[in-house]
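All remarks here apply to the structure that follows.
Order of writing sets the labels: A, B, C and D. Residues in every chain begin at 1.
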Amino acid sequence: MTEKIETSTAVSEAAYVQDYTLDELMVATLARTIRDGNTVMHGVASMIPVMAIQLAKATHAPDMVCVNLEGVDFRPQRCYLTTEYFALGEGAVQWMSLPRMFEHAQRGRINLGFFSGAQIDRIGNMNTSALGDYQQPSVRLTGGAGQAILAHTVGRIVMWLPRHESRRFPEKVDFVTFPGHHPNVKKRLDKIVTNLAVMGFDQETGYMKLISTHPGVTVEQVQHNTGFELLMPSEVPETELPTVEQVRLLREKIDPEGVRKQGM
Amino acid sequence: MNKVLPNLDEAAALVKDGDTITISGAFFEQAPMALIRAIIRRGVKNLKVVVAAHGIAVDILVGANSVRTVTGAYVGFEGYGLAPNFRRAVEEGRLDFQESACFAIASAIRAGALGLPFMPLKGLFGSDLEQVRTEYRTFEWDDEEVLLVPAIKPDVCLVHAHRADAEGNVQTRGSSWDDTLAEAAERIIVTVEEIVSAEEIRRTPEFTKIPGFVTTAVVEAPRGAHPTGCPFEYDFDEAHIKRYLEMGKTADEFQNYLDEYVYGPKTHDDYLLKMGLAVPA
Amino acid sequence: MNKVLPNLDEAAALVKDGDTITISGAFFEQAPMALIRAIIRRGVKNLKVVVAAHGIAVDILVGANSVRTVTGAYVGFEGYGLAPNFRRAVEEGRLDFQESACFAIASAIRAGALGLPFMPLKGLFGSDLEQVRTEYRTFEWDDEEVLLVPAIKPDVCLVHAHRADAEGNVQTRGSSWDDTLAEAAERIIVTVEEIVSAEEIRRTPEFTKIPGFVTTAVVEAPRGAHPTGCPFEYDFDEAHIKRYLEMGKTADEFQNYLDEYVYGPKTHDDYLLKMGLAVPA
Amino acid sequence: MTEKIETSTAVSEAAYVQDYTLDELMVATLARTIRDGNTVMHGVASMIPVMAIQLAKATHAPDMVCVNLEGVDFRPQRCYLTTEYFALGEGAVQWMSLPRMFEHAQRGRINLGFFSGAQIDRIGNMNTSALGDYQQPSVRLTGGAGQAILAHTVGRIVMWLPRHESRRFPEKVDFVTFPGHHPNVKKRLDKIVTNLAVMGFDQETGYMKLISTHPGVTVEQVQHNTGFELLMPSEVPETELPTVEQVRLLREKIDPEGVRKQGM
């Protein structure tokens, strides 16, 4: 199955909202990376992408289907601080399982996946394993779940990191849990959405490049909070704002309890 | 053949020091917590725990010093935080964590369930996990590179499920790969919310996950997943999870947790009474 | 995304000359016979049919000269006899039969469904099939010998199922490995007894075998498995199977069968009317 | 899981029946090869074993479980000339599928399987593929379904052949569909039940040996209808007769329509 060509955003005429919060901007920006018709997956502990998926489905991507560890095309009743939980299979058209989701990805049927990590470097390697020496870590993190495999099997990869700080964007990650530099992975890496900016990767060098800065954030601020030199286009636009409709859906329908703030 | 055991202690006695074990469920659902508490009470040691992604089920066993190695791809509490006993044990060099990726572990267990010596899969290349997991082999088929992961055949698989009949036909609702976990293992111990008649199982064969000829033992343990949830039956106990994480912050304080919630209640009924979860008689 | 096609002719048009195809069901159940009759009517040629074990679904395609090769482990009618067109075509040297064993073929299709270049399995050693299937490779893992069977990724998978919604979420009852068959293929064409609402599917996710993102096209074809049965819905038509076998005894007489039951009725509705199976309007 | 030790037949005290038919004797004899607690499978077109399984379950092996392509521990309402059919999954505790049944066998959880063929030779090779030259056969048979694999993965194998004739028992089969001579298979081969006799295999040589002849059949008749020399024990007993209970169950409960006669 070939992916649809990315269409110009359906909200270009819509009224943008000014009183959004940063988590809402991140959710809306991630939602826009989803193309209608995509089959999409998310990892564990992925509250922000789970909301972005619901938001995309409710707006510009009604034919998008999410496949997660619990089910296909879920309709959860509320948001949780866990994203591997049966409630995320509520209303699904089919129950899923951990191996089955990976098998669909390995067969090439998952077009887009959302991943995060504690560190990311200039070639897109991510670390979710351990800080410091791997054998004697200063912080033993959770581990990357399926990242090291899905990096090779999911069609397009969007990363989300709620804390854009230079220690989290080092020249080189302490441990490569998610491989960003591997030839098979490079062309899959699409965007990185943080609390400051949207970045991508130069397809020639594989190096991270700035795409847009969030409203009120300067290019210098982004570079200052990044531990390596970002590739800079000649002009850096501002990240598209959330629309009135996006924010309304998030606040009223998808996440009235405001779990998104804890998901950051 | 009747597979029913009268209580969790007899079921826990099927787990031996040094066994390799797998565990059903995930972070906040369908973990066989009542059975795990019974295993801890028995003082089982040196377990080799194999999980794809888990939370409290692994962390509590580590905190109770029942574990020698953990093979896994994610041990944590998602939005609630890191796994306190697990991270402490790894950071202090007391626990051997054999880190991998979910699907590699699931594939190793799948190989065990299929009676095969290995399974092929795509991925892991370029990750440092490839360097750490030296038992995985790369293999070329025509021009395609795949990874071969050696089979894992656990001694014991611990499962919590919705219901079973006396012959050990086990049913679940929702997502699970308990069938694979169970089939890979030598001994399959299942706790269920409810033991039902064989006729009831035969009315709904679509829900049967583990057939009786695979199951070793079944014990009825209502609310046996607590503090995790049971899909479409009851939610996880968020307040208790938060208390667990709070008391897990130091090794000393975690000992108090164990005293209060694991060693204190001598039986599952005692635990349910203590937690205000006892089913009305 | 709406996957519904208005009739079987449009579905059959998705099958091209020379395609590799797989077929749901077995000898006397859940074979997509209405779709196969539509494919024959379109005059599709040189199909490469891959099945584990099948009967009339393969034999009728062979008898209609739509097939170049059959890969399979059993083609026949069990207690009713041999497959008349299949055996005649093989005995006369007109059909290339690539013989294997059920699980080897299922494993090859599984590899296709998993996106892997091959699957390992135990067995076949010592059988002459090992000599015939030269594309299978033996492989040593430590001291264990396994067979590696190359993946099969069919162009088209033909499925008959109980029901689906407009988005192509397909449900069945009873035994089937339609999920694997479908996932291996590039184009998945499904006929169903009934198209139901998405809400109905969401009420019973345990029955969903093929998710919509895998399905290519869905067509409603009540009694679409006839003369095979549909599990727990209707039985196979034993009298018609006997008539098929009788008329299959010679190539000439089988042409009469095709004229009467395949080319004669131009649509599935015509077929149902002719067979006295039409659903009352 | 270890198999139970074969117990002495529970029917030794029971009254045997005299007015049985040959199909009933075959069903009863096959039923007696099933041990209580066994997990048992049968192939396609296996009407006689399917009845034997039901008969064993109803008599001496209540804890036996049958796993077939349709389900686990079925309770069919009637007998069919097909044994891969949903009606053989009726009343099952779990639905099965073709790959899953083979996987259980490969994992070592199927203790006993019943197989048949058009030809069988002295070392237990069976042919279900083709008579004559394989490439240009005089008769193209059905193929052996899963035999070539299950020969290696099922714990114990019982063969059933309703027509004991020398052309069906050649020195060497035309094509080895089911391997009888392979080192992994030899020790799995248990018994062969035909319309004339019960045979087994010598564990040293792998050669077929006579175990018992059916009532009214002489050793000479069996040898005359076998295309190679059978190993002969010094004494050949008569095959145990069906009991009154076995025949009653077959006629009244399991197969009142008499499908067993067509299954031969």
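The criterion applied here is as follows: a contact is a pair of C-beta atoms (placed from the backbone, for glycine too) under 8 Å apart; a residue touches a chain by one contact, two chains touch by 3 or more.
None of the values given here were measured: they were computed from a predicted structure.
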Report the inter-centroid distance (CA atoms only) between subunit B and subunit C in whole Å. 39
I'd like to verify one number: the distance from the centre of subunit A to the centre of subunit B, where each centre is the average of its C-alpha atoms, in whole angstrom. 29
Which subunit B residues touch at least two other chains? 115-116, 121-122, 206
For subunit A, write out the residues touching at least two other chains, lowest number first. 71, 89, 95, 106, 153
What kind of graph do the touching chains make: line, ring, star, complete, other? other
Listing every touching pair of chains gives A-B, A-C, B-C, B-D, C-D
List of subunit A residues in touch with subunit C within their complex: 1, 37, 39, 63, 65, 67, 71-73, 75, 89, 91-95, 103-104, 106-109, 153
Per the touch rule, the subunit B residues reaching subunit A in their complex are 26-29, 52-53, 72-76, 78-80, 82-83, 86-87, 90-91, 93, 97, 99, 101-104, 106-107, 110, 121-130, 132, 174-177, 180, 229, 231-232, 235-236
Within their complex, subunit B touches subunit D through residues 1, 113-116, 165, 167, 169, 183, 198, 201-202, 205-206, 208, 211-214
For the subunit B and subunit C complex, residues of the former touching the latter: 115-122, 141-142, 144, 146, 148, 150, 173, 206-207
Contacting residues of subunit A [partner subunit B, same complex]: 44-45, 47, 69-71, 80-87, 89, 95-100, 102, 106, 129-130, 134, 136-153, 175-179, 181-182, 184-185, 262-263
